[in-house]
Amino acid sequence: MGLPLRVENVSKRFGGLAALDGVSLQAMPGEITSIIGQNGAGKTTLLNTITQLPPPDGGQVFAGEVELTGMAPHKIPARGVVRTFQQLRIFSRLSVLENVLLGFQHNTGERLWNLVARPGAVRAQRKDHHDRARGILAELELADMLDVEAGTLSYGLQKLLSLARAIATDAQILMLDEPTSGLSGDFVARILAIVKGMRARGRTVVLVEHDMDVVFDISDRIVVLDHGRLFAHGTPAEIRGHEGVREIYFGSRVA
Amino acid sequence: MEYVLSIVILLTIYLILATSLNVVLGHGGLLSLCHAGFYAIGAYAAALTGINLGWSFLPTAAAAVAIAAAVAALLALPLLKLRGDYFILGSLGFQIIIIDIIYNSDWLTNGALGLSRIPRPRISGFEAISHLDYALLYGAVALIAIAVLHYITTSPFGGALNAVREDEVAATALGKNVRSIRVRAFAISAGGAGLAGALYAHYVTYIDPTSFTFTESVYILSLVIVGGVATTRGPILGALLLVAAPEMLRFVGFSSDMDSNLRQLLYGLLLILFAFVRPSGIAGRSVF
Amino acid sequence: MNLALIAQSVGNALATGAIFGLMGLSFGLIYSTTRILHFAHGSVYVCAAYFFYAAYVAADWPLLPSAIAAVLGAGLLGFVVMRLFYEPMVRRGTSGAVVMIASLGLFIVIENLVVLVFGNDSRVISKGEVQQGLLIGNVYVTPLQLASFAVALATFAIVFLLVTRSKLGRGLRAIADNPAVGEIVGIDVRLLNYLVFALGSMVLAIAAVLMGLDIGVSPGMGLSVVLIATIAAIIGGANSMFAGIAGGFLVGAVQSMGVLWIDPRWQNLLIFSALIVVLVVRPTGVFGTAQR
């Protein structure tokens, strides 16, 4: 059922700068794989290249047996791979409900032909999507804000909404870019509970996160990037004990 | 009475024009200035198939919709590569190119002289002759067109179109094919304009290129901006206000010579007023 | 095809190109620095031409004072349009599309006000002096064409010196590169915006005077002028203040030389197709450099 993510030797250059240089990694279903590294280490670029927006210059990305590299970026979510954005990118002038509805894949009603030829099927699926969207929002305690314009929500609620939208895609591989940054303790706890819930459902969770307490608390595996290269990888315990990581990444700070 | 009916007929045409422009302008967030070009294509398609092939109303209207939509899909290929100001300028360029081609293709369109003796609308036994016939037929067509466009813009397709307007990257990351959605929206919108063109051609029975110029595009734009973007009731309200209301000026007694200038002055002022005070229009969503 | 005909076309292309170059420069100055799609620029042209008509024909002033009055009047109009019309919107962060819509509205309002004041007929701006054409080599030119060309070149030179040598010009180039940086370095961006609107409008007024003497003026001319100005500036290079000059000569060349090979009625089609090709294929313009 689960879908592993495999990244092989991926590179990306911007002008003369190598943002990613031959990075390989694997993330497994039912696990949280965290990617850490300093600013500019290539974490977000890695998520971008996995979802082909923009595609990498070299290397390959696989979701299970399916190769994602070379695929049009809008076809990636239907293959079970979805990411969130650090800048959220919620549809700020659409309602909370509309935002979540846009997450559903294989939407019959997005094809004009179906609107004409199969209005019944469109209506039925629409009702199903509405019910599921309400369910997801209820689970995230957003049920009483269905019709609120998303852009007017507080930052924390917007972050929850971006997760709700990702959950609606029903993707097997979920990549979350800084889901807790800028949030207070209460929201961090709510969001971490959601992330753990994803893992419990057998999803492959990839987490880009800068809060080391969170990373070491929640991760099953940790991947360390440094200047676009894979610097180290292993379990939290292994990374904690890694001399080089302590030196380069944590500096004088004791993890 | 005849006069009131003639305004109603005009109103049905502008209701369709405004509602169809709203698909790209409001829901799609693309400021297109070539809507009158597609209006022209529909008018000429209906006129030519009616005059030369003797087609009745339903086939000519279908031809008008199909040809306008097809041309739009073709033009969308280069046009939708453009963003922001460049999209506006590109659409303006196409507006002028379309009218220029119509103007200069004497062999087909009779150029500046225009096409006359366009048949009145016939549907099997029925032929629209009186103003009342026209008002009833066109009223029904406009109602259907608005209902169809409402169905499309509130469908999941419409939702995706609105999402693309809000954030192309996020929409792509959720699996929406941004380009394809926009091309389809552009074609639907042009199809609506084509339908309005068919109604116009069969009503006035004489058309020439001057009815479909850039100024006309701006006029249609002002209906949507004033009424409101990205809602169904916005463009309807705009057409009611700007097409029907100024006709009342006539009763106040302005000379017919100054009439059109005063009317243009009015909608120019309204465009400015709404841009300053309420860019989403009277009953629109905030989009720009 | 005979050589004389080609020489004559080149002559015409240069004469038309000079006027179009003024238009392209005027739009490019404004667009490259403020990024406002100033559609009402066409109205500024029409107003300038009617200012000139009012002074030169109606009030019977001599030529030079009339021209100066028209240019200053247009400069003031440009200043006012930026100060009272665009700036309040720009300051509120109104989106470019809405500013463009407002600009269209202003264009329509001014055009129709002009009709209400001056009527819809076109006016000849001439005092009946007969101009003898002259032959330079095989090329027939009118004194007005020669004078237009000289005035246009002089204008290009003056604006170029103003922008490259003066403090004002350095500020303009700074905000054209990046308005935010201009703000940080302590440049008064607002003042520069007023000045560039005034300057662009004055350059356009020179074109209005020259073209007015040639073909007169009518209220409906604004649209074709703003289209030529925009196309010249965009084809030349939207990021550059001066590429509009080159763009203007290019459009002038297409219009005058095109006659040799293409039925003149397809000129518009050719020019607008060129605009779309440039927008799609080379958005930085034929002569522009990539920046921002």
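By written order: A, B and C. Residues from 1 in each chain.
Note that in this section a residue touches a chain if its C-beta (ideal position, glycine included) is under 8 Å from a C-beta of that chain, and two chains touch if they have at least 3 such contacts.
What you are looking at is a predicted structure, and each value in this text was computed from that prediction instead of being measured.
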Shortest path length from chain A to chain C (each step joins two touching chains)
2
Innermost chain, taking as reference the mean of every protein Cα atom displayed
B
Distance-maximising chain from chain C - centres being C-alpha averages
A
Can you give the whole-Å distance between the Cα centres of chain A and chain C?
51
Could you work out how far the Cα centre of chain B sits from that of chain C, in whole Å?
31
Indicate the whole-number Å distance between the mean C-alpha point of chain A and the mean C-alpha point of chain B.
42
Enumerate the contact residues on chain A facing chain B in the complex.
51, 53, 72-78, 82-83, 85, 89-94, 98, 101-103, 105, 107-112, 115, 122, 126, 165, 169
Which positions of chain B touch chain A when the two form their complex?
151-152, 155-157, 159-160, 162-163, 166-167, 169-178, 181, 184, 188, 285-287
Chain B - residues contacting chain C, complex:
31, 78-79, 81-82, 84-86, 88-90, 92-94, 96-97, 100-101, 103-104, 214, 218, 221-222, 225, 258, 261-262, 264-265, 267-276, 279, 288
Contacting residues of chain C [partner chain B, same complex]
35, 37, 88-89, 94-102, 104-109, 111-113, 115-116, 223, 227, 230, 234, 265-266, 268-269, 272-273, 275-276, 279-280, 283
